[in-house]
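Each of the next two complexes has chain A plus one other chain: chain B in the first, chain C in the second.
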Partner chain A sequence: MKHPFKKIVGIAATVAGLAIAGQSMAETKVGFVYVGPVGDHGWTYRHDIGRQAIEDKFGDQVKTTYVESVKEGPDAERVVRKMAASGHDLIFTTSFGFMNPTLKVAKKFPKVKFEHATGYKRVKNMSTFAGRFYEGRYVVGTAAGHMTKSNIIGYVASFPIPEVVRGINAVARSARAVNPDATVKVVWVNSWYDPGKEADAAKTLIDQGADIILQHTDSPAPLQVAEQRGVWGVGQASDMSSYAPNNQLTAIIDNWDQYYIERTQAVIDGNWKSGDTWGGIKSGMVEMAPWNDAVPADVVAAAEKVQKAIVDGSLHPFQGPVINQNGEQVIPAGEVLDDGALSGMNYYVQGVEGSLPK
Partner chain B sequence: MSFSLVARPQPSKLMVYLSPLLALILTLFSGFLMFSLMGIDGLDALYAFFILPISDSYGFSELLVKAIPLILIGVGLSIGFKANVWNIGAEGQLVMGAVAAGGVALFAYESESIWVLPAMMIAGILGGMAWGAVPAWLKTRFNANEILTSLMLTYVAGLFLSFLVHGPWRDPEGFNFPESRLFSESALLPIILEDTRLHIGMIIALLVVATIWILLSKTLIGFQVKVVGSAPRAARFAGFKEKGLIWFSLLLGGGLAGLAGMIEVSGPIGQLVPQVSPGYGFTAIIVAFVGRLHPLGVTIAGLLLALSYLGGETLQIEMGLPQAVTGVFQGMLLFFLLACDVLIKFRINMTQKASKTESVKQEASA
Partner chain C sequence: MSDSMTILLAASLTIIGAATPLLFAALGELITERSGVLNLGVEGMMLIGAVSAFAGALITGNTYIGVLCGAFAGMLMALLHGYLTLTLMTNQVATGLSITIFGVGLSALIGLEFVGVTVEPLSNLPVPLLSEIPFFGTLLFDHNLLVYLSVALVFGLSFFIFKTRGGLILRAVGDSPESSHALGYPVIKIRYMALMFGGLMAGLGGAYLSLIYTPMWSENMTAGRGWVALALVVFATWKPWRVLLGAYMFGGVTILQLHGQGFGLDIPSQFLSMLPYLATILVLVLISRDRLKLRENSPASLGRTFRPTA
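For the complex of A and B:
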């Protein structure tokens, strides 16, 4: 340093550098553990959109990371723990099978906040959240009931857990509300993401006469089969119309953006609290993609009317009487299944064919 | 000009053992190239992949936790592969071991007896053996191809476990979610390093590796395994019972896979879930071959493969690279290993004129 001025500039730069470094030390780190690849165009893809929403909203204030395609089981615990140990303040684990691993790590890292999707175990630093996707399914079921000619609605399902059963039942109830002859046929693929199996299941359902295919699996494969075979399909988790431009009836879109931003904000503000959040159409966590242009206007109107009724609370997809497959009344008219009953649903309602795998 | 592979009369013994190392070096080099092409500092990425995951004691313990099932299954399979018994269904045998051991744990729920764990261990081994016995019986009785039967039984085992955790063994307080109760304390493997998940299974795995090593090098059955594998005709002249070896290989491989299943459910998982293994039974096939079917080699290969998973996760967290990188890495390692093997057993023969005239002739006659 020959010139004193240069020296001052140098010191200033160093100080500024330290200041920036200090700031970045204080940035909030948010981690995501995904069960599928971010490119599944369904479940994990939408969670990753939520992650990007955090980045867009908070900019340099927040740094996000993710690990994709994490197997449910011991691997999950290692990944969650690695995130907790590497300075993450808030960690989202977005599959049911991550529940116990997340819980184990949460107990060991009391200062880190955890958010687990679709589970039911909570502790002081572990929240749960889920979408009321059955509301979206109920809307779709209304349209499906009107649209089906064969009166058979096909359903590609993942695992027979309450969340999935709720969706199937919601479709059966709304379809039969407008078309008492409608039935729902279910094929279980025992996977959240397996394009090959999902496509095979869709083909089987179409061969059995289904002319509308719904899915509770994460890849666009069933929808693509629907497009090829010229029957209706319904996009899962995100608008999948690019995979079936002619035959996507609509799609039930998961929108985590708002929730993720709120929870991140809460961590930054220091007022994060453990809780259980179920967001539906009203809160914006569940959205409907635009209806296909080929859907008749009166069908769209009927579906939108149902959607509006769900939002304003005048209609609940599981309002009594709820009658199970065996004809037994679960609750009488005038009552509504509460969240506890919904989260333990282990029976089919009338209109669903076959028996629930036990 | 054309190339053809000509068998070397005597493959270099040294190279047979060096080839995994050579493959590793080539993988590192290509990995470096790949990262550099992606615009990432190659050295940083390799560091994050190979060193960072095991840079602290917790990371190292996780490496061992991940490697234990791979090593256990790998050594079991290597015996069979040596004897030309192709047990591809270790995954299913693992699952049945987990089911049997988990059954004991659930039966003894809230029991505090110290006999729960030993009983689970025996049940796990027997469960895996039973599942290995089916292809052994089909092979010896009907000459059914064990590759197909053992592989297909994997799916049966997976569905059986799924049936159990969705039905009779479902946690009664679990809101119908498909998983069993969490095992009681007495059914969980003791942790040997505090604040980690490293459990006593590591000691069991080391004992198994040592036992198999002795078995292979010092006992008659080990000798038979080697002879049958390298010279089946000679083995027949010597009067070795081929059927006996088929039974032995599948029961041993199945038993060790079952033990691995028991260790997984009573160790890191702590309950029965629909998927108790992320494919350890299949990865162990790779481990067995990368480890040259030798107990020590399998141990090293198990650690290496385990590291590749941990490294993949670290790359994602630290550098934001996609998970596919892990797959590419494992693929490169295998590719180079196989390529090295081919070049050790064969040499490339370049023929210029002869082959040309030959191909012309062939064309003319066609």
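For the complex of A and C:
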């Protein structure tokens, strides 16, 4: 320590430099509120990949933070409010149950921009976004209809909200389009994330004859049970083949990267506007994982044909006639369920067993 | 075997799977509470047990070593709880809650590397000959080591608590640490041992989850089973065989409602999920009706800090 003074001056200069740099860059803060742990390897994991994509893209220009495993309900509002109050410019809340808490906070913080996933309430500073996962499920249903031998497709479901019901219906419709005897058996676990219970539900379905397990819950547990029991499973939200190297039929992958980058860019450029984005296979928000090698080539071809038709618009998973479980026609042939009808779907279509919990 | 028998058997096997982790954690908590210590850290200890068991199995490639790692890690967490509540005499409720929150975070941190990998689950050890009896053979004699162990522990612990001198001392410490201390029993030491046994059992419950139930690690995978175990001990009025009954009932209701749904039964699943807790509240009300019943059934000094005076 020959020149302690010099060192202090040096540090002071660096600090001042940093401060100036910080000012000129006007760092944008982007926050995320997750319903599950980032390590769920499913839904929340994919959102966090999107967050990392922002970091990769913008570097020092943007700072991202997240809070994971936030319960849907009163606690969510506290978390969102805290984030809004701590200088975040853009906040993503990524579960349906965060809708009302996000809305409440959005009204109190008009300068902060909010992005809510899978909901339907919007205000000037609150957008909604979601993936058309039912498109992916329709593709999966095609393969499932071909592959099932017992004609029972098992479905581990979380909560009876339109988003989930839509997925179940999409599978039932596409499976029956290729195999009129196929039925979908649903078990609700009333949780987005409870590996044990999800596994139990999958076991139950297999015990009751299902030979393909689909899931709309976030952990890889149902898929893992499928692997153990030697039936087909389908990965949820991300490629889960590491949990079922032999028995993952495919996976429906959520890809938020592009959307998150676009919205962050809009905030930086100052042209962010509230809106509703519903991206499907075409926009890249919904991707299909590679098909399992053991799936016969003609089945893969049939599924890929359906996928292509969805992308080019010649096929809509809910094109008429749409017939509900009671045999009543919802819309006739030649019509297509519009987005409004899709986002409020509260009935099973033909081919789904059991009754929809109220 | 007819179809309905096959499904009955399958459902029963799933119930055994769902009940076993609860049984381990609850039996451990029962011993801890019998010594007068309330351990609200069960959930955290289970998680640490789960992640350590998984890590152990993954690194050594031996599932049984994984089980031991889980048990040991659960015990270490209990040791921490003991150091805080028994040596430093902190409040048991607050400490237990912090242990749980700490366990959730620490297990997630340890588990960062293990997301996306699986291990070979613990294999079944069928009892020769007996396991070949149709239906009952598979139901009773074709399980993994931990299932046998959990049931054996019910009998073992029941015997220990009510038929041995050690059990008598344990109960005495839980009912009146002052008198036990005056008689010359090392109250703090006994409580340490009871607590560590509880941690070990919670660790085993966690190991069961990450090595058998769903052979993987994922954050927060216990999903509240530690709390169910705590409720179970009250439901069982601190008696091991009733813990067995309760664990199978708690597990059974979960599985039966899933099967009910599969068959299109129209009972709200939320109602069925609520039932076990309703039963716990009912038991609490019943045993709290009068002082005598409460004294008879619960460790009198439960949750109270004991300061040994010379």
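The rule we apply is simple: the second predicted complex is superposed on the first by the 334 of 358 C-alpha atoms of A that agree within 3 Å, B and C clash if a C-alpha of one lies under 4 Å from a C-alpha of the other, contacts with A are read in each partner's own complex, and residues count from 1 in each chain.
One rule holds for everything that comes next: contacts are C-beta pairs under 8 Å (C-beta built on N, C-alpha and C of every residue); 3 or more make two chains touch, one makes a residue touch a chain.
Just so it is clear, the structure is predicted and the values come from calculations on it, not from any experiment.
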In the superposed model built on chain A, check whether chain B and chain C fit or clash. clash
By the touch definition at the top of the document, which applies to A:Gly354: first (chain B), second (chain C), both, or neither? second
Return first, second, both or neither, reflecting whether A:Tyr260 touches chain B, chain C, both chains, or no partner chain. neither
Could you look at A:Leu205 and tell me whether it touches chain B, chain C, both or neither (first, second, both, neither)? second
Could you say whether A:Tyr193 touches chain B, chain C, both of them, or neither, answering first, second, both or neither? second
If you stack the two complexes on chain A, which partner ends up touching A:Tyr155: first (chain B), second (chain C), both, or neither? neither
Considering only the touch criterion stated at the top, classify A:Tyr134 as touching first (chain B), second (chain C), both, or neither. neither
Who does A:Ser69 touch here: chain B (first), chain C (second), both, or neither? both
Once the structures are superposed on A, label A:Pro37 by its partner contacts, choosing first (chain B), second (chain C), both or neither. both
Does the superposition put A:Phe58 against chain B (first), chain C (second), both, or neither? neither
Stretch of chain C, among 5-13, 185-193 or 203-211, that runs into chain B once the two complexes are superposed: 185-193
On chain A, which stretch or stretches are contacted by chain B in one complex as well as by chain C in the other? 37-38, 69, 190, 357
Chain A contact footprint on chain C (complex, rising order): 6-7, 10-11, 14, 17-18, 21, 108, 111-112, 115-118, 121, 209, 213-216, 218-223, 225, 254-255, 258-259, 261-264, 266, 268-270, 273
State the interface residues of chain A toward chain B in the complex, per the touch definition above. 31, 37-38, 65-75, 77-79, 82-83, 85-86, 96-97, 100, 120, 159-162, 190, 343-346, 357-358
Chain B residues within the chain A interface of the complex: 58, 62, 65-66, 159, 162-163, 166-167, 175-179, 182, 197, 264, 267-271, 273-278, 309-310, 313-314, 316-318, 320, 322-323
Can you name the residues of chain A that touch chain C in the complex? 36-41, 45, 69, 185-191, 193-197, 199-201, 203-205, 207-208, 219-221, 224-225, 228, 242-243, 353-355, 357
